[in-house]
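Take a look at these structures.
The following pair of complexes shares a single chain, subunit A, combined with subunit B in the former and subunit C in the latter.
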Partner chain A sequence: MRNPFLDFRSLPYEKKEIPLDRIVRAKQEIMDRVLEGYLHLVEEEVKDLVWLVEHSHVVRTYSAAVNCIRELHYDQDDIEEFCAELDSAKKIPYMISGPAGIYLSALINHAPEERIVLRPKDYDRTFHFLGYRLPESKTLIIQGNVGDFIGAGLSGGRLVVEGSVGNWCGAGMMNGEILVTGYAGQKTGEWMRGGEIHVDGSIGSLGRSRFGGKIYQRGKLVIPQELDDQY
Partner chain B sequence: MTKLDDILKEIWPRVKGKHLYPELPVPICAEGEDRVGLDIKGKKITISREFVEEMSQALEESDTMEGLLDHAISHYLCCPWDFSTHLKLYGEAKDVLRDKGMAQRATDYFMDVVADTHCVSQKETPLPKIYRNFKGGIVDEAIHALYQKIWGIDLAATGYEDISRKLSRLPYLDRTRWRDSIRRFSKVVKVLFEMEEKQGGSNESSPMGDHGLEQYSSQEIEQGLKDLALDAATPSEFREIVHDFEDEILEATESKEQGMGLGPGRSIDADILYYMKLAENYLLPIRRMPTKKSGSLYPHQHVPWEAGKPYQDIDPWTSFGKIMPGITQTWRRREGEIFGQEEGIPDCIVIIDSSGSMTDPRQRLSHAVLGAACACDAYLRNDAQVAVYNFSDARSGGQKILPYSQYRKQIYRTICHYFGGGTRLLTENIEALQTEKAPDIFLITDMQITNLEVLVEYFNACKNRVTAVHIGDNKHVEAFRHSMAVRKNIEIYGVVKKEDIPRIVLGKVQDYLYKKVGP
Partner chain C sequence: MNAEVNGALREKVREIYRHIQDNLYFNRPDMEVKGEAFNAGLLMGLLTGLSQGKELIIGEPGLGKTTSAEYICTLLYRIPLGTIWGSEVPGHPEQTEEKIIGRPDLGKLNQGEEVVVWSHFALLPVKIVDEINRLPETKQSMILDGVDRGNWEYLNDAIINREYCLFATANYQDRGTNTIIAPLIDRFDVMVESKHPGPNLAYLIGAQGPNGAALRHEELEGEFQRVMSERLPYQVRMERIGEICDRFGEALAREAGIESLSEEDRQTIRSQKEEIPLELDFNAFLRFVLAELSFCCRYGQKRSHEGCEEGCHFTEYLCNTVRNCVSNRLPISARNFAQTLAWLLGDEKVGLEHLKAVLPFTLAHRIQWKDEIVAQREKEARSDPLEIYMAKQAVREMHRRYMEQGTQVKSALAVACRIMDGASMEPIQGDHPIYWEIRKDLGEEVFKE
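Take a look at the complex of A and B:
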């Protein structure tokens, strides 16, 4: 009897390696390490799934986040993918918004690109602490609304929010510039030491304790001026 | 026969062999659009003469045709593979883009990228040559830039560096991650669609054509809907996708009035279709009971006549004197049944509670409706008839009764009806559905029935095989179980989640009764 599979002998099957395979493998490796770093941070800094927003906690968490990403070679696309992972929570068992935002900020601050664009409007979750300690020479553009403590501790960078921000925007910022095209929440510029905040929409309230810096609303300087009573 | 037909005849066996002989009909060359090379309908591949001739200025005709065939076969062999995958990919894209047109285009492009990349990574193909010589719109150019990056072949694509870099990260060849990949793909190409919109919309067609649903057979569409129903978390998720393809689904299934319950000039009731298709995923077993075939056939119902069917059963009175498929009616004959020694499936009375304590089947997945739908499906598959008694507060009009029928749409519409309100049934209405052949009774409720004792009394007196299903647990369930403990013709099942439904065995009763039933 004739072997019916003989016809297939003349058709050698050989899967070629194409650049896609290499790109996907390399990116997957990086993403695994970025996720591993975040999970390690949460394990170290978050006890009983509770994370309190205190200055010392924030500083410590940021230092730990920087340690986690040391020696990681990633780019803006990896940061975007990490945002998508945080949003879908398929590979991340728990997302705690404070440390997640600080970890994201650490990734942004140490990314090789000088200009980074994030699109929170593509995600269901609200991101907090974006732009934390954004250094000089970095520009972060955020498309969509974001949560609290945006641009906190800004250290000379330029943060553009094409949307609205929550409370404590620019809290404790040292230097640099924050531009918000939407509105800003309560205590905007609290503990501010330098730099400028520009808000195109309304401002919920201004921070009571300030040590420097300027706040503009619709192009008009509101701080420093004797206008605190208006808010 | 033209030159192109000769070329096609020559290359088809080679292309088919290259793809390990897929079961596809012989493709043809036909008049088509200048800018679209392919058209696939019901697996039949049609290559556009105009497209091949246009490309012939830069490319051998045989290369163009082979590339187009490679592309078409890769869709069949790799992505989307089947209608169900196509719908699922579309569902994900729609969830991201929130627009039917954009979601369809994103799905088409994604499937093209997967199929082409699969082909390029595994076969020798002239596909890259086609892309190198074809100038398309904004999205096509960006996709060419992507191909250049992920295939490592120069396609003379320039620009779109940012977009192609983002798109090149997706694992297109990993089938298990397609749903996640198309979401990310859609987010990126959305920018291109918006850009295109700003420039006055897209007037460039993809060279590989659109991927409409006409490429699938009606059987594939039925199977795809079944899979989609199983996959959808809520009826509304299913409704949203089905609504987008209403015309195509109707067109594919319009001749199957009895099967899908759809017809020309009608719209789809997606909620009914959801439970209908979901039920088909759970094939409940029915215990057969002693019946005897009388041996004589009698005309039972009309079905449309199709070419090839015998003429002797044609009913001239309902055929308008015409012999024409779809218009001419023939009699379907059924065998008469009387109780005897042989085993068969009796008819069934489905009693379903749709009071306020039950889930509204249009809002969320109702286990009661799904259970009832599964029971109906099981009896109808066995050529039995189903009567439905849907009740809430029957005394104040909250009830719907459907006499014995095999018409699926009517049956499913009756079980999907939701009244809300109180819960009281009238046993005289169940009694009215009783026949001499002792039909099975299928009851599904949460047992929070005001006059439960009347129902218990009725079941204590009746001789039918009763399958009672309670949704959740409560004290009334306990009372019912306790009251029915001694009855041997009643089997009680509890359903908390949809996975409990396949455990139900319809008509399962104690052995002695099983033997005793009969004349």
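Take a look at the complex of A and C:
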């Protein structure tokens, strides 16, 4: 076919972008880096694609996650999009619940927003470790049911779960508040050192090793009971 | 020297325009090109005569459709008014090929010879068809080839006009008119309306009375008649006609002080205007327009019997408002008229302004709008007939879009050129149909079957 564009051969060209293109590309770059950070974390921390929930392991994974996102500029929308990516797993070759939740928690804890809302009810996957080490001045609202270790190591933040949580909710939490509108699973408040857990529904069982903090069920203090008895 | 000749010829043509405007065809200026006011009917008529175009003039009876064409032809081609009147073809249901094109020489036929007596309409370089839409649809096809190429055939003989322009007038629809068939209407380069001049100019027309007397010359009209009736080869006859035309031109200048153009002048003008380069914006904008008027994401191109798909993405573009696909004659008309306009204005390049000025008139008769679009727009306040008004609005819309993304469109065309030359690049993408058409030209399957 004859080249119908010959008149434009000597014309220098430029690819002009409309603002939307730029925004989309910037968003995509952020998401690519967030995903890259996650994959890096998985490669480093989960070499055998098996990840055991051990205190030292969790702490190390969280530190690695924080390192991965250190220079990222992202916001709540990017966190939500990452959740969606985790859920659909289109770009993620392996999704391992523990590190994924810890990585998400690192993203939440270092996000610029003080109040973050996540909607796990929109996703098929169960997220664990959400709210891990949630710091003071942060509020995380989770709409939907979530998995285990929710609010583990909570460090002064406020975690509201509009749904139910799995086992070990608030495990090892230091300070802050967890509100659960649904039920909580086994060993709620295990290794808890401070702060409060409020559960509106039933609690499967309470953690046996506790070093402080309070647990309320339907507004009634259930742990520590001796304090409740004093009043 | 060239510039001097150019300037002198341009001044001559402008003088013809002024003379007709001031003395023969009174009408208001109704368009502006690069800050200069013109009457669209007169300007397009002049461009038609200069560029060997074809013009359809619409309007109410008695508003100067035929008259304006006659004056333009007289002064641009140096043919006396009386001769032009004699060569006009009136449109009516009983019209025949023998009256329009030619007839057998009955004397020769009796002797067993087939000799064609060509009509003055077929012979003369200026052709006027009066009330063309009174020709029945079946008879309109008789003049298709002649209108398109100046190629007239009768029996086993044919003549090809070496130079010609055509003006046809059409009344608005009434009981005596017919639809102009699509292939015929597409052959017109432009469509204009001969408007009412307003009561004040109309009063002057009445007070002044018939004003074409200076353009008549009975003696030379007789000579025209004689030469055209001679049984001589076409070329010889045309040379003799050319000589009489020049004598008429001299008589016009001597007796009435009116300038007119010789055949040499016209040829010079045509070669000069052909040399005026087209700006890249002209080039890109015309492609942009053609894309909007031919694109269909669903069926590959517009087709008049296929409608748009429900929920089509391209609702913001003209492809969604028109029924038919624009023909390949549109870019020819647009380039020809824009180039002639640039010549008339003395511009060194043909640019967007020239294209914008002529496009509505090249589009008005070629676009078939969807009924619902016509219903939406027909009651809008306007000063043009609906077809021209809608074409002007369409050009304005497309121009606005082009101004927003012209640089990007040109870049897309530049990148496409490099890709076609073998460069490994990604075509520039965008929403406008032109980007999709570029990708199709590059061999991409943009819409999967």
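Observations
The working rule: the second predicted complex is superposed on the first by the 208 of 231 C-alpha atoms of A that agree within 3 Å, B and C clash if a C-alpha of one lies under 4 Å from a C-alpha of the other, contacts with A are read in each partner's own complex, and residues count from 1 in each chain.
Here is the rule we use: a contact is a pair of C-beta atoms (placed from the backbone, for glycine too) under 8 Å apart; a residue touches a chain by one contact, two chains touch by 3 or more.
Quick caveat: nothing in here was measured; it's all calculated off a predicted structure.
Touch criterion met: A:A84 reaches subunit B, while subunit C stays clear of it.
Legend: residue contacts after superposition of the two complexes on their common chain; A:P4 is shown touching subunit C, with no touch to subunit B. Contacts of A:F211 after superposition: neither subunit B nor subunit C is touched. Counted by residues of subunit A touched, the larger count belongs to B, out of subunit B and subunit C. Once the two complexes are overlaid on the shared chain, A:I23 sits against subunit B while remaining clear of subunit C. When both complexes are aligned on chain A by C-alpha atoms, subunit A residues 7-8, 11, 13-16 touch subunit B in the first and subunit C in the second. The touching residues of subunit B, counted against subunit A in their complex, run 17-18, 20, 96, 117, 120-122, 149-152, 165-166, 168-174, 180, 184, 187. Chain contact summary for the complex, subunit A toward subunit C: residues 1, 3-9, 11-16. Considering their complex, residues 280, 283-284, 407-408, 410-418, 420-421, 428, 438, 441 of subunit C touch subunit A. Against subunit B, the residues of subunit A that register as touching in their complex are 7-8, 10-11, 13-16, 18-21, 23-24, 27-28, 77, 80-81, 84, 88, 90, 119, 122.
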